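Across the two complexes that follow, subunit A remains constant while its partner is subunit B and subsequently subunit C.
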Partner chain A sequence: MIRRSRLLAVLVFISSVFIVALPSLTHAQERTAVRQGFSFPNDGSARILVFRPDVTVGAQSTGGLFEPRADWTEQARGHIGTALDQALPTLNAQIVRIQEPIGSDAQLLRDYSALFGAVSQSIINYQFFVGNRLETKKRDNRENVFEWTLGEGVRTLPGADQADYALFITTEDHYGSTGRKLLQIFAAAAVGVGVTSGLHAGYAGLVDLQTGNLVWINADFAMGGDVREADGAVRRVSQLLEDFPGTLPISGERGGAAQ
Partner chain B sequence: MHRITLILALISSSPAFANDLVPASTPVNVARSDLQVSPDRDWNKLDARPGRNSETWTLDGELLNDVSFYGGTENNRTLFREVDRRNRPLPRFTSTMLPTDIPTLLENSYRIARDVSIFTLDSQEPIRFAGNPGIRFTYSFIGRDNLHRSGEAHAAIIDGRLYMATFEAPSIHYFANGIAAFRHIAASAHIARPARRR
Partner chain C sequence: MNVARRRALTAFLALGSALTFLPDSAAAVANRDREKPEFVVPPYVGAYQPQGTDEQGQWLQADEAERTIRDLPVVIQDEELNAYVRSVLCRAVGNDRCGSARIYILRLPVFNATMSANGTMHVYSGLLLRVRNEGELASILAHEFAHFELRHSLTRFRARRSASDALAWASVLVGFSQNSGLRYGTSFQDLLYAVHGSLAAYNRNQEREADLLSFAYTTQSQFRPSASADVWRAVMNESDASAVARGQRTNRYGGVPFLASHPSDLERADTLSLMANRIPSAGDYDGREQYRTAMARWIPEFLSDQIKLNDFGGTEFIIARLASDGWTADLHYARAELYRTRGNPRDLISAIGFYREALALNPQMHAAKRGLGLSLIRSGSVAEGRIALQAFLEAQPDALDAAMLRTLIQP
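Take a look at the complex of A and B:
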């Protein structure tokens, strides 16, 4: 009996250590990359087409299934949009906004946004996660080569003829339900198994509108900020634009806005 | 004490990931079977297998280019692992199927195993695959990530078992970029030994 309780105590201790340690391990992972040879124009002349962020918010059931929540998504979309409007003037570039596309243009934008999401996930899984790199890309990885693309078809995106780059932003948040959080604690304490609760993925990428190449990306499966609240959305947008190659110093000049 | 040490070792060991290189121009048996192919460029073989007798290769990650092999799926077996056997059982391959039944088997498997909501069979034609009469079919679908993907499959039923190679990639850029390399793989497919199981 004493042996069993000792074993349980050891498991609880190890689990608690892991629960504390895991987030720091996640953050230790690389999450930003710039294409080799890319340099952002420092005279503010670059024209960046900014699309409306692709935002999805929902709950994670006890079993881990994602249940989209339209109300949370709507709130987050508004807050992130406002936070982005406040952050864009800090980029040393001319910001190009277009009217919300409709019809086939809207579908094309949705398709590219979904492709950007898939490319971002692949970058996290196979480039940023060093232990999981693809054999055919290992030499590139060693030499810091970052070559990912959406293809030259980006030239057909609505507004692409008015800009040099497009800024894609995607966020996906799954908030763990109470049941899920309890399961996480129980699984860690009783069995020593790590059950994740929630997902807070965010990807921001700058795409060359001539080649389709990703020239800069910031992507992580563990972003901060509760996007359902205004303050949290400001934090999220600030994290997404962290290390953006053309960010102005606080006292620097700001690029104009082109409509 | 040994028990505690073992548990400690299990918990503290980091997850093992291993993606193997599949070198160009080297014949290789795939999906733990007698199906052999020779790619014309280097590929990565992913450690994770979608099903019992299957194997996935990729260039940039399975979300962007996915070549999957199904090596001799036997009678009454599923293509993928069951996700909810009680409420949504996967369809099973049967030896009496005709090659023209294979697209429906794949479609119905995807609807359950991959949560695919929209699946369209775009074309189908008879071909020879792995030296036997078979089928080539093309399809497109939208999965959980709302991304349009295109696919092409080459398949044949040989000695009552299903042999198939599929290529899937986002319809934008990636499908066109990878289809030639896949077709080279599919054209090189052959049964390396008589189809006999231990």
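Take a look at the complex of A and C:
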């Protein structure tokens, strides 16, 4: 940047004061919702378009800073891709994949991925978890209403003409560094303050490509499975697709407590 | 009170602040600069690949961000404009270096340019609007490229990490000491200020280093070196003009705010001027005409973005600065739009005059007829205004607001 940004500096200053002071959050960390009245076709005729998963992997420094790790991210992308290839056939649907689009199609896909991200974050912040929930969304929760949409424009997405639904997947992992873990232990033992170490969050969502409605979403802020390893990635993917409305009853490794 | 423990903790806190201060204290920078001659361009190896986990991580993040920005509508995809801005960068830093950078021109009416770890350069349209020649543009592009060559994203990330690590331990230790009946709250506050102050100072020193290296490039590129100081003087003048028009206090440039990430505009203008005088074998290439020609199509569009910012004084300053090379129809038109947008009765009278000057220089500028007609009607000259609107509608019957304008010309 060529200009000074005083406001930003002050914000960073204020936020860093709370790096350690916050006790660990203890609210519910996993939730799934299905749109009211939605039923997944159970004859296996549904076609699901699967986009490139958004995978972020890195370490968490002693002070809580995210340190992106290229090697881990590459491993995780590979393992999650393989795990998805294994898991998707268990969904009662045909899987559609498309070439990575270019030009205006790429722009459109980028827009809708960003919109999906923004809507999912709104669901997570304002409807799912205790903290910032809106009164209207609390009422929706009581009345079992789940009503969010990306709009009918999704029909123009690349590949939308070959599929009925689109599946978006996002995972973010910050593995606590040795320094962070030592700090956590010391803070707990000597001071009695809780310091969180590591962040393992992810969410998956299914969008109806005719209406743009979000018909299913699963968000989890304490996911299990080490995505840097093949076994862990399988577990992670199975947790992401947990409670998917069209899952065939299969026997396989499922769930498990978050680390 | 346990004196030994208290001493140990004090020593730790002192060590923490000393460590965060050390890497780039003013003295260290001065020493380093004294050892090497000024304005030397280091050897350059193309196709640099990131080294080590930290740098690879920074590049990964930058690569992902670049994938996103590449397809955003805010990026100006015009090939001619992109090729032109790239040619200025290549002339500024040399053909071997400029191959490492990818330029994305963002349509944002803000004076800024940024550089990412992996060589992604963002150039804001507000920058292209504010510089008047290739020399001024080159000084900013070269400065950003210097950040890349000096790997500043990486070192800045490491400095932030060390600082937050030290603070994390210090805060836990202070909590520990309080449990033991000791009070170190004040010491912790001091440490907090020291660490954040030194981080800001570290950022400012990076900016100075980038300015120095960008001047070294100038010895080879033969751009007029004093152009860079011109940019920062204009930035201060614009900021003053903007503040005065709003009835606000103007910025003070004398000191540096404690948490400022960049040196003050005045410090930069003065330092760059001094360096420009010291530079050996300086060139005098400015590229003024070339810049005017290349930007002719874009300046009206960028001005139209700028007018929407509701910054009367700043915009008036920018237009006047551009007009120092002579008033054009586009500049008269932009000034008229600026006045009509503010819309005081006296502004409309001024706007009418400016629209007429634009039309005198370019009778085919139909948009000016629209503005002229609207301003005239609003100022009470209804008949004359309708004639102007009629002329506009005959030239552009499919204009977006044609239907609304037709209701105005019906008797």
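Criterion: the second predicted complex is superposed on the first by the 208 of 259 C-alpha atoms of A that agree within 3 Å, B and C clash if a C-alpha of one lies under 4 Å from a C-alpha of the other, contacts with A are read in each partner's own complex, and residues count from 1 in each chain.
The working rule: contacts are C-beta pairs under 8 Å (C-beta built on N, C-alpha and C of every residue); 3 or more make two chains touch, one makes a residue touch a chain.
Owing to the predicted nature of the structure, the values given are computational and were not obtained by experimental measurement.
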{"item": "Contacts of A:Val130 with subunit B and subunit C, given as first, second, both or neither", "value": "neither"}
{"item": "Subunit B versus subunit C as contact partner of A:Gly153, first or second or both or neither", "value": "first"}
{"item": "Partner chain(s) touched by A:Arg110 [first = subunit B, second = subunit C, both, neither]", "value": "both"}
{"item": "Which of subunit B and subunit C A:Gln121 touches, first, second, both or neither", "value": "first"}
{"item": "Subunit B versus subunit C as contact partner of A:Gly212, first or second or both or neither", "value": "first"}
{"item": "Touched subunit A residues, subunit B compared with subunit C", "value": "C"}
{"item": "Interface residues of subunit A shared between complexes with subunit B and subunit C", "value": "10, 110-111, 192"}
{"item": "For the subunit A and subunit B complex, residues of the former touching the latter", "value": "7, 10-11, 14, 18, 110-112, 114-115, 117-119, 121-122, 125-126, 129, 131-137, 148-153, 192, 212"}
{"item": "For the subunit A and subunit C complex, residues of the former touching the latter", "value": "1-6, 8-10, 12-13, 16-17, 19-21, 58, 61-65, 67-71, 73, 106-107, 109-111, 179, 183, 186-187, 190-193, 195"}
{"item": "Residues of subunit B that touch subunit A when the two form their complex", "value": "3-4, 7-8, 11-12, 14, 17, 19-21, 42-44, 58-61, 63-64, 145-148, 170-174, 177"}
{"item": "Touch list for subunit C against partner subunit A, complex", "value": "50, 53-54, 56-61, 68, 70-73, 111-114, 140, 143-144, 160-161, 163-169, 171-172, 175-176, 179, 192, 196, 200, 257, 259-264"}
